[in-house]
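Naming follows writing order (A, B, C, D, E and F), and every chain is counted from residue 1.
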Amino acid sequence: MAEVTVTRVLRFNAAHRVHNPALSAEENAALFGKCNHPNWHGHNYRLEVSVRGPVDPRSGYVVDLGALRALVEREVIEQTDHRNFNIDVPYTRGINPTTENVVVAMWGVLAPAVAPARLVRLRLWETENNYADYHGD
Amino acid sequence: MAEVTVTRVLRFNAAHRVHNPALSAEENAALFGKCNHPNWHGHNYRLEVSVRGPVDPRSGYVVDLGALRALVEREVIEQTDHRNFNIDVPYTRGINPTTENVVVAMWGVLAPAVAPARLVRLRLWETENNYADYHGD
Amino acid sequence: MAEVTVTRVLRFNAAHRVHNPALSAEENAALFGKCNHPNWHGHNYRLEVSVRGPVDPRSGYVVDLGALRALVEREVIEQTDHRNFNIDVPYTRGINPTTENVVVAMWGVLAPAVAPARLVRLRLWETENNYADYHGD
Amino acid sequence: MAEVTVTRVLRFNAAHRVHNPALSAEENAALFGKCNHPNWHGHNYRLEVSVRGPVDPRSGYVVDLGALRALVEREVIEQTDHRNFNIDVPYTRGINPTTENVVVAMWGVLAPAVAPARLVRLRLWETENNYADYHGD
Amino acid sequence: MAEVTVTRVLRFNAAHRVHNPALSAEENAALFGKCNHPNWHGHNYRLEVSVRGPVDPRSGYVVDLGALRALVEREVIEQTDHRNFNIDVPYTRGINPTTENVVVAMWGVLAPAVAPARLVRLRLWETENNYADYHGD
Amino acid sequence: MAEVTVTRVLRFNAAHRVHNPALSAEENAALFGKCNHPNWHGHNYRLEVSVRGPVDPRSGYVVDLGALRALVEREVIEQTDHRNFNIDVPYTRGINPTTENVVVAMWGVLAPAVAPARLVRLRLWETENNYADYHGD
């Protein structure tokens, strides 16, 4: 049976500051430059959630993308949209919210939530010029 | 010799209705919601056709993308553009035209048509927020 | 007091057929070509709704764009999304649903609905290559 | 002599909170909802700067867009990028940073800075779904 | 009768060099910097052609956008696509091909060609970060 | 430790002519059509540079994307932007500058330059309708 990968795009915006609390202020400033600005900055993030599997002969779907969207909104977007990654977001508590760390943390939330469907890629765009992909390994 | 994957993007628009004729009207409505609306709806689809192979030293091409475009237009777009997937399109006859089923059906048409070039991915965007990828397996 | 124009973008998809019921089948086919295809086709439409006015000193808004979005969804999108312009949509009943006619008909619904805010432009994209602007005159 | 309008697009990202300091916490929350979240959120803003004038016969330019870009970066972007509109940005000091108020404040900075060239429109996109236009009146 | 503005987008690519032949090499280099590079550079241009008029009650169109597209391709794109503005393009012969000068020259070709339809704006994007608008005055 | 792929997008524009100097003028014209036009044409290229590796626990980065951007600008963009691939660009000297050949040549420059970081994909868009991917094998 054919295996297809379906992707749903979602958008949210959030504030953050790239900052490692285990380092000194000087080390953070040297390492992260303007991304370490203490009064925060923010982004319109774009998240692509990809699930792979056989096409269900009854529905013609790998997964119902409407249901997938609702799940991602409930598990990730509601905790994140119009929030601050460093302060408010439960799945990045204590984590320096670089795009890399955020996308790995989102995987930790979403991979079990979409099971038995198989999450195969999260792509997180921070700006229209950079993104991070995580495949779970 | 270097192997490169080249991709050509094509666009078309079509009407469809997500509907499994083997199910009752009630089952279809429950399963597909507004996508099952009986009077059809439609999309501006975007199709990405990817072919992989060695770079021909004479042409510097994997394939001539102008020729690939003409082939895809002749084999797929002409049968589909400004048409109805459920009624008019030969390669989706009897198939519930979800994005997943359409992309697999297009593969069945295009993979032999581009040979000996090797089709490695079809990506079909239904809206700017969802797409399906098929790799032929 | 400064006057600003704010624009909210909304998206929907719909089926249609460009067809003037006052003409014969032959005249329609000659006039509209593939856009007159009897089994419908469809688009992912993009609607830009622009309202102009003074900036309210209390809110800093011309209008609350969240409320504007809810109003446009209630008055226009819910009647249109995943529907057929020729059959289902109340504000295009009996109208040949070209982009021009649709955008003028939407103005007839939205201009009174947003009052006393002043609607100054509707831009309707039918595809990423064509759009129609209406300013109410 | 022909008059042309030239537009340069610039991008930056910033944190903000929609908040009127003259109102109570309850009034702010009621008026602005999630946009009033106390720990900030942020956006990738996109600014379009439009200047109109005759085409200089020597250069073929209305203005040198490279020089215009440098001017906007020096006068607006450097004070704003990776900053917080409510705390850091000099031209929005004491102003509730809605898109409307920000675009009017940017006009106050840029219109004299580009003179004798004539600024005719600032368009500020807050997200890909909403923007504000100001023409200076 | 309602007046609507319809816009058709077309794309082409071309080489050019920003260069005023009435000036010395030094003056050109000082004035235009890297855009004056002698071995040319090039762009994927995007042209938006806007025509305004009453909606024809028979067709529901201001103009047939398919016919408008064919006209623009015949009058402008065929002479320009995959060509060099400084050497090959008849309507920019002897003209320094800045975006401003090109858009004015295209108006000279297109305004009479679309008559009696009324051309109201040409927008020419040189890159995704800059464009020029001409309204014929 | 999680492995993430980070991608930085860069843009440049350049002139080129698809031309194999080992072939006759007639063979080149037959093989490449309008892309072989002798007076050049050009494109706004978009380059996506992807690096894969473990997330550094100190920085939360796979690589510092600001440093990666500076490296790509220094090694590739400065030699290419506003230049001619057939005449000016050192890494395509003697090479027919198809998208395929250019992306492989860029890999030859960038893979050693980003080491010990691991370059895993270069995607080069020639227009918004075609791109080539190279993975180094």
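A few remarks follow.
Operating definition for what follows: a contact is a pair of C-beta atoms (placed from the backbone, for glycine too) under 8 Å apart; a residue touches a chain by one contact, two chains touch by 3 or more.
Remember, predicted model here, so these are calculated numbers, not experimental data.
Contact count check for C-D and E-F (C-beta pairs in contact): higher for E-F.
Using CA-based centroids throughout, the chain positioned farthest away from chain E is A. Seen from the C-alpha centroid of chain B, the farthest chain centroid is that of D. Taking the mean of the C-alpha atoms as each chain's centre, chain B and chain E sit 34 Å apart. Chain A and chain E have Cα centroids lying 42 Å from one another. Residue numbers of chain F whose C-beta contacts span two or more other chains: 128. Which chains touch which is summed up as A-B, A-D, A-F, B-C, B-F, C-D, C-E, D-E, E-F. Chain B contributes residues 2-10, 50, 55, 58-62, 65-66 to its touches with chain F in the complex.
On the side of chain B, the complex with chain C involves touching residues 11, 13-16, 34-35, 37, 39-44, 81-84, 87-88, 127-128. Only residues 18, 20, 23, 31-33, 95-101, 103-104, 128-134, 137 of chain C touch chain E when the two sit together in their complex.
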